[in-house]
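Following: one structure in structure tokens, then a few remarks.
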Amino acid sequence: MKRRVAIVVASRANYGRIKSVMRAVSNHPDLELILIVGASALLSRFGTAVNVIERDGFTVNARVYSIVEGENLTTMAKSTGLGIIELATLFENLKPHIVVTVADRFETMATAIAAAYMNIPVAHSQGGEITGSIDESVRHAITKLSHHHYVTTEKSRDRVLRLGEPEDRVYLTGCPALDVIADIDLSLPPDFFRVGGGVGAEVVSSQPYAVVLQHPVTTEYGLGRKQIDETLMAVEKLGLQAVWLWPNIDAGSDDISKALRTYREHNPNSKLHFYINFGVEDYARLIKNCAVLIGNSSSGIREGAFLGVPVVNIGTRQTGRERGKNVLDVDCDADAIYRAAVAQLKHGPYLPDYLYGDGGAGVRIANLLATADLSVQKRLTY
Amino acid sequence: MKRRVAIVVASRANYGRIKSVMRAVSNHPDLELILIVGASALLSRFGTAVNVIERDGFTVNARVYSIVEGENLTTMAKSTGLGIIELATLFENLKPHIVVTVADRFETMATAIAAAYMNIPVAHSQGGEITGSIDESVRHAITKLSHHHYVTTEKSRDRVLRLGEPEDRVYLTGCPALDVIADIDLSLPPDFFRVGGGVGAEVVSSQPYAVVLQHPVTTEYGLGRKQIDETLMAVEKLGLQAVWLWPNIDAGSDDISKALRTYREHNPNSKLHFYINFGVEDYARLIKNCAVLIGNSSSGIREGAFLGVPVVNIGTRQTGRERGKNVLDVDCDADAIYRAAVAQLKHGPYLPDYLYGDGGAGVRIANLLATADLSVQKRLTY
Amino acid sequence: MKRRVAIVVASRANYGRIKSVMRAVSNHPDLELILIVGASALLSRFGTAVNVIERDGFTVNARVYSIVEGENLTTMAKSTGLGIIELATLFENLKPHIVVTVADRFETMATAIAAAYMNIPVAHSQGGEITGSIDESVRHAITKLSHHHYVTTEKSRDRVLRLGEPEDRVYLTGCPALDVIADIDLSLPPDFFRVGGGVGAEVVSSQPYAVVLQHPVTTEYGLGRKQIDETLMAVEKLGLQAVWLWPNIDAGSDDISKALRTYREHNPNSKLHFYINFGVEDYARLIKNCAVLIGNSSSGIREGAFLGVPVVNIGTRQTGRERGKNVLDVDCDADAIYRAAVAQLKHGPYLPDYLYGDGGAGVRIANLLATADLSVQKRLTY
Amino acid sequence: MKRRVAIVVASRANYGRIKSVMRAVSNHPDLELILIVGASALLSRFGTAVNVIERDGFTVNARVYSIVEGENLTTMAKSTGLGIIELATLFENLKPHIVVTVADRFETMATAIAAAYMNIPVAHSQGGEITGSIDESVRHAITKLSHHHYVTTEKSRDRVLRLGEPEDRVYLTGCPALDVIADIDLSLPPDFFRVGGGVGAEVVSSQPYAVVLQHPVTTEYGLGRKQIDETLMAVEKLGLQAVWLWPNIDAGSDDISKALRTYREHNPNSKLHFYINFGVEDYARLIKNCAVLIGNSSSGIREGAFLGVPVVNIGTRQTGRERGKNVLDVDCDADAIYRAAVAQLKHGPYLPDYLYGDGGAGVRIANLLATADLSVQKRLTY
């Protein structure tokens, strides 16, 4: 019998981070992929990632709506709870031998808790990294609930070990997000922006453009409106055409969305174009070819290093994360953002930096899953 | 305005571990106690702890039924999820400034997750200890979600620090469970067993008696029936009158309950008497005066050290936990249990050992809560 | 493609009421059975009906734990809510064309609501009957949510029509519960009581025995203890050996269970034997051969009429339900119960009465399901 | 002690329908208002009705997020389930003597089920009406779960009686929605549209304008996009400036929202202005002064009759509902909508019609609540 590997995909970002593992598990002779898609990956406001997943050829074993609407701190907690309830029933019926959970989001936590309580070994990718937001607490808590750790950097590996995890269960695989973009043609097709949908000013692909992606910082809940306004001012002053991406579903994203909608209403002639979403590969093309990537997404640091993208990283959301030379860190202040963006425009593209992986993580992880020890009793080793 | 401290009591065991903190918070001029009682603390099968809490003079601010019935691994997960959903709504409406969560159970996890996502600082008691069962993973995961740590031993303090928590947020307070029993008269009233309820053979308080308390080991789910049968054989062979306590609500307790009920049916003349529950103080009297305490409850190790109780600790549930000389560890094997029990009967009571605290934890913790820094952004310090 | 018929079995009683439909659906060339087992049908306290279902040869498509523990009014409501959440996800993934829901319990309501909101036509069995308890409200509410009605009596049919349901969607099929017992050998094997399990006095199958089955009346919540005590007194005075069955999971069953357990402790020499559960067929044998059936179960009225069982029906739970001559109705009063039981013992067995059906309901219902109009917009016809 | 009356407000529409009852309960010497605000009444996408409620001077006793995001059939069911779970806990802790539930939405159903199972009498307003959509089934199911009925028309009273409800519990009170607008100045302030927010073309209050409000029809799920496109075409052809209101949260609203957003993007110069929401009074002013109200909202029929508004009612959502002369019914077809709208423009305002009430419902209902029999056992009377 093949080993049944359940992977829970809960958001567009999730999918990019695990797609190559899904592929490698599907292709592995000893593994069977059990694919559960839920949370914001089902929601049209976030681009209905499930449709992309199916178009990519994956069969979805179960769909589960688990987001309690509100986009505030209370509903983040409640969505975690609802996710656990639903995933427990699905695990009960789909009977995976091992469950893979990705990074540090509330859906990730729900997956880890459901599986851990059900004595199903948990394999966690991207543990040991350091950032801000509630993700920081959640990531390390998941490490303590997980049985196998597939980390992206040497330092992350060291941190997971210092958290007391046993050496024979911590593997430096690199980040699967990089696999997807390692082998593809990253040039921008001429009609790239025309077929991409979205609303706002036309983006001319032959001209320099900025990309902006700024998520809420949950531990600074209530400040989101002010934070996004600073960035809007900076980008406006920059004068560049800009591709602005919608934030994720974390608490506070509602404030950001409202700020963006208000801005659009009052600035009908701005050079901004708003997109909900890009596929993983197109997102890589988008940032590979941009003049500067502004915001607080981890993709600037992770994929950005690999692709050599000039990045302006704002605020505390990524504080502590290892980064390459391509990142300029600034406070959440219009003037600081503007000046850093100008500096990056002047600098231009960076050399690639393989800090977060070399593009072969998916196959490595599938091989590890195929042979992972399935015992579940953990014990702190110090 | 007083600082509002929410304490979630979720089981009879929970209550004993936090009662002195509740008292000290109530009495503190700068604190207001917000008391939420839920999970098995509301259920009559587990002795309706909420009634005891009210008889002790506490006002319950909210009750919440959150146990999904089944007592298996799936329902443990689901109860965690339901608990999070419910607690989030209660926190939204009761607006605590800080939340206290106790030890390592699934209700503890639910409390920690709800509060952490809602940017309410989490104060965790009994972190850094080592045991078996899923509690071991959960305890350290809660540490990583918590903002303040009130630990019981030097070694626990060291472990919480090694897990990356900042030194100024980790305090060695001792275990509040010991406060409750530090100052009371621990002699056994002559009618102790007559008023205690329960079913089975009469227990004569003037004669030596054993106490048995054996919980399921969630990570060995499915073996509970066999494990309890070994203990039943050993106790029968011992020939002593015995006070047998019902297990907690963890996955597998159903198997244990069934084994006990079957035993009763087939052994109507056994010397066992079954009790659901004792109050915290009476439980201390019960074990202080017993000839031997057999099972896998942490109370044998924690309260047992303080009271000098001869303990036979069975199996892996407490593996790794610091213990005093009063504990003999054995495998889950009838013969081994029997022999260790005989040895303890021969030895008799031990000298008190203040390994887990000196009886002043509650006041210490209340004082810490009154001044605790309420900022919530955590960051791994290595 | 076969029409996919989802049947949700939620309790031991449910199963008896729908088993013949399940069989007929399985055997029908145009239908595919989607079997979901949940609620108390999964719980060992209620005899783990799911095991019986599987032994009977049915394949369970999904299991779902949905009972919030507490057995009070609050948890009945919450279990309904949790059932809806879970069933919605299962319907989303299992994609039935039509859903069958049985009678009037909270799990039945959960099924009807989930399906109705999801535009899946609901087929309801046993509508239009009249009783007490919350079941009475729930049954008619389900009728108003349902699209097809399979009723058991002429009067029920008339009532469903008066509730405004269209004539071409209301069918008098008889009760499927009777199908199962129509063709089997109903004599009691000599070792019947020995293999049946349970606890208490030995029941001698060659001697007359009473059967007692008394459920809580949810709309008289809080009176359960007193009500069961009256029955206990009456049965004790009767002096007959008695087979006592455990109550269902409705609010108040906890009070009844406690009363029964207490009685057992204080009356170790009583002639009562307590069983959790019998299979559908064995339950028919049990009551067919009893001297008198005492309690408030609908089985006394329904199966009792078909089998000619002398019944003493207590209190308001079945008030309004059509009944045959085999039923004597009494208030919940020890003396009244005793006197009616004596009268029934004197009378002995009754002639069969086909008031609730002739044993062919299952096949009739399967045929109706195969051709039922699947449109979902309802409209009150007056 | 005052009788505690719980009112659950779950949406902006709900609030308009119950506000005068809330006021009358607050003012009644024998009643205490327990106000629970949940579901879409908390969501900013739907205008955060809770803020309006608080500005109107009401104290909110509890807030509860209970919408599972997705706006499809599955999530409507799941939101009902989550609502039941949450409301049960709130009722447990807030202990109302009677609960008021409004009309026919899924939140209404959640309220009725939670209260009915908890033996709390349910008072239902707006029963006995006839419409399309799932609301039609749900409304009559709620009638069968409710103990007191406050209906709006003679025919509704007759239908509730025919559904088997006892005569002494069915009262013709009129609709509370009309109370709020009975005594206010309904003229349009000159700056009405300037302070109202929203996005799109400026609306000139001195010029004729249309109002459009079209909700999804849940039982025609999947057709929403086509249906809204027909209306968009008709309104465009009409050439009038138009105030377009966002749909409610029912399954399918997501499709409608997307269609509206797409239209806006492609028709930047259209004469449409989009508003999320108006307060109850301002909504009355808005439609009182409009040239024509187009859509499928019950407000066209109910408030529209009272205010004499020319209404074009589209499709099946209101089929069967009693209406005055002010309503022209059309199929969901651009041409039919256009022609009916032209006819209404030609006709102009209608005379008031008190079909749904005279403006005194709130006080009548409060008086009934103060003396309502609190017994809960229902029994079908035929």
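The chains carry the letters A, B, C and D, assigned in the order they are written, with residues numbered from 1 in each.
Just so we're on the same page, a residue touches a chain if its C-beta (ideal position, glycine included) is under 8 Å from a C-beta of that chain, and two chains touch if they have at least 3 such contacts.
Because the structure is a prediction, the values reported are computed rather than measured.
Chemist: Count the C-beta pairs in contact for B-D and for B-C, then report the pair with the higher count.
Modeler: B-C
Chemist: Counting residue numbers used by both copies over all numbers at the interface, does the subunit A-subunit C contact come out same (over half shared) or different (under half)?
Modeler: Both copies touch with mostly the same residues.
Chemist: When the C-alpha atoms of subunit B and subunit C are each averaged to a single point, how far apart are the two points in Å?
Modeler: Taking the average C-alpha coordinate of subunit B and of subunit C, the gap between them is 40 Å.
Chemist: Distance between subunit B and subunit D based on Cα centroids, please, to the nearest Å.
Modeler: 51
Chemist: Indicate the residues of subunit A shared as contacts by at least two other chains.
Modeler: Residues 65, 68, 74-75, 78, 82, 85-86, 89, 92 of subunit A touch two or more partner chains.
Chemist: Could you please specify the touching residues of subunit B with respect to subunit D in the complex?
Modeler: 62-65, 82, 85-86, 89-90, 92-93
Chemist: Across the complex, what residues on subunit A touch subunit B?
Modeler: 68, 73-78, 80-89, 91-92, 106, 109-110, 113-114, 116-119, 130, 132-134, 136-138, 140-145, 159, 162-164, 218-221, 251, 316, 319-320, 376-380, 382
Chemist: Which subunit C residues qualify as touching subunit B in the complex?
Modeler: Per the touch definition, subunit C meets subunit B at residues 42-44, 65-70, 74-75, 78, 82, 199, 254, 258, 261, 265, 268.
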